[in-house]
């Protein structure tokens, strides 16, 4: 068990005030104008909403929907490249959910796959993630089926769980320790981890059993059933809208485009993209290796539960359930995975 | 410098993009020129076959690339070289105008007009009035501020980019 | 500086291969890069026209020829159209080299058969140059190259050079109907010409690249001649953005063309799901 | 519901159609269903949670559904307007599809909702909807509630926005549109966005910047709105599916008002009525043209 400390709720508010005073950016889950909860910039801990899963994930803080990679300026036949600085101001994400914090670490794998993605890691380095143990989820949550838990520490620098008049703080990383040391006066001795057991148990119970915790079985089935009619069946209702990918904490596919600003200058940008659209894989010739929605639906499941595990020994899904919540056509990942396990273990599953 | 472009007055000279039809307004603008009518020099004309060809995207693109105002002009009703291009365009322009107004763009930045091949003087007035009006509205900074990229630095001399084995 | 920022390269030479295919010879602007840059036969790069975007091609020149790289492209999309508009002296971008390579060391001491169709000669040409520049390391060299018509043959000057070499067996062919009155090569589809050329399979490697239909009908011919699947090499392409395994679009099932490829053996290809 | 299931069963068992597109109970409330066997008809439901516009699935942009062959589709009156749009614009031959109308007195805002349909829970677009059943349909089943009176809250919000100074309206829309991540879900679910290749996906030339920055976003949303002017049937799907919660319905509704006020056009399920953009009258108002 990692070392723990304690913070009172009042000190947590003070801590956010300290960050503000020190010029450290703070973001956390807060209400939006349309009544939803999004991770967004905040200036006070009072704005933080902890009892609802935010609509967006944390990935935007490391891989923004759009970001400039560099600018270019043409002078005659020559071109000058103007660099976008790869340093970012310090930021604390407070009130992160364990599934979202874990997703960031899961993505570290691909972002450092032989080539280091500097924009990603520069933001990672500048950011401290203060996670709050999840109070529990709805029927689309299944973090325990992908090796996580409502109180998983993965990807977090600090993990807070409520106890008494404050929170037990688990110090997960040296970066977390650094934050605690820097603001030592805000932390105190208090209850230990044991005091949060009931809270954690309740949370765990609320998400368990939604998907069989058999990622190995899912992977094996997906790897061997590329042509299974199951994919065509589930893809019928799919609109190819990519809402799942936009809201997913681990969907990281991107596009790179040039945008001229004038005749001689412009910016190369990286933008979010999604495997759910036909354009994603379409060649300039018009040939499209993934020519229908069936292949695209399969790709998303395949990438998350078979390809990524094969490449990085890690599942590209943290069980947050956002894709199921956001899907306009009721496609539900828990249903898909449950049926895959049923088919793989010979318990039927065809509709 | 003619009276319609008092550059001395305050510095801001609006950039106006005009999308005009080939058959009427372009010829009308040409007439204004050959008649040596004095008018503001802020307008850059883009000639199109017909107002029916003027997609609202053109106006958006003009704003994207730094225009402060836009003029759209073509043949009067019943004069369209292609019979009905301007009638179709009229409906689209009407909807577009109300849409952008709803989205918070001052419709004073766009002038819609019918200018025939013989109306050189009308073209001069359209140009001068639009320039004066847009000058009053000021530069379209709201649109230009839509994208603010971080400051860049010239690329360091690249010497150590790794070449993987 | 980030991994997506390209090197700057200047167009040294441009050669029109066919009506819609062009080769560019590119030199690195930075002398340090020009000196240090190295790659292996078969690797690819991301070429960019600033303002239009990036495009993926194999490096069509050979690593044995230092100081420049070449790429050959067909004008089809936004970037290739912009590339066609560039003049000698214009500056482009290049990121790379990326991906795996042909197993040149393993091929040492063996016979090599090159089979290509149309613009598919570009990635094969890189290996041909490499082999010919180190000619004493290889035994028999056979090249079978076909295109739809005489006008569609790329690298015509080189074909001429290769044809004159006593240590290269060159078979050029055009599809029936694509020949001109003075055409001296073969007439017929590539698989038939391969059968006619009948290269020996013993201690041999085949390098094949071209339209899918050509590959589909050539593979059985090679097998009949005795080539084993692990000695038939090809190079794939797929839509890519990053070239380095992150953007998520070039995978064929579990295989990333940018990381595991672009060079695959026929044995590896046979295991891929039908998604390319 | 029994009536619907019996009809679906009959259409499937008699071989009139290969599939019935309707709604079923999903893990999170109602969702689209694709019933291909007579027995499957028992999966079909219709209740106020069936908000989805199934006409989207008839769009020719969905080649994977063409494989189903001839289908029957269950339609609320608003969905029938979308089908009429597809027929009007020659995207589907009328004889290739069997239309099953369900009588409707309004639906909920959210297919996951468990609340009873009421003045407070009804989808805003249903307020003031005059249609209880689809005239276009081959069969009509079910019973309709009374519907809900207008004006919709959107209409009130539009008035509120209209009363604002123009730059405050700009600020309002910039706050909303800057949230857009350009997933294009609004386009994908739209029954009338049927272009084989959307203008936003075209790069030669690139009219609409694909980056989800505010400049690209406003260009996209203006274009989307313009392309749907007089074609939008107010099925509400774009706003419902937006993962960022952008009130897209305000834009489409505003344009519907303009089209209604200026050209006396309201979307109906009669494919013979020409759409207002693409037609004209010589005496159309032109007060804004100098």
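Order of writing sets the labels: A, B, C and D. Residues in every chain begin at 1.
We take it that a contact is a pair of C-beta atoms (placed from the backbone, for glycine too) under 8 Å apart; a residue touches a chain by one contact, two chains touch by 3 or more.
These numbers come from a predicted model, not from an experiment.
Counting C-beta pairs in contact across A-B and across B-D shows that the higher total falls to B-D.
Set against the C-alpha centre of chain D, every other chain centre is closer than that of C. If you average the CA atoms of chain A and of chain B, the two centres end up 44 Å from each other. Chain B and chain D have centres, each the mean of its CA atoms, that are 34 Å apart. For this pair, chain C with chain D, the centres built from the Cα atoms lie 49 Å apart. Rounded to whole angstrom units, the spacing between the C-alpha centres of chain A and chain D is 31.
For chain B, residues that reach two or more other chains under the stated contact definition are 155-156, 164. The multi-chain contact residues of chain D, meaning those touching 2 or more other chains, are 206, 209, 213. Touching of two or more other chains is recorded for residues 70, 81, 83-84, 114-115, 255, 257 of chain A.
Listing the residues of chain A that touch chain D in their complex gives 32-34, 36, 55-56, 65-66, 139-140, 232, 235-237, 239-243, 245-247, 255, 257, 259, 269, 271-272, 274, 277, 279, 292-294, 324-326, 328-332, 334-335.
Chain D meets chain B in the complex at residues 158, 161-162, 166-174, 199, 207-209, 213-215, 218-219, 221-223, 225-226, 229-230, 251, 254-255, 258-259, 262-263, 276-278, 280-282, 284-286, 288-290. Every residue of chain C that touches chain A in the complex is listed here, in rising order: 1-6, 8, 10, 48-54, 76-80, 87, 89-93, 238-239, 241-242, 244-249, 251-254, 259, 273-276.
Across the complex, chain C is touched by residues 203-204, 206 of chain D.
Interface residues of chain B facing chain A in the complex, by the touch rule stated above, are 65-66, 149-156, 164.
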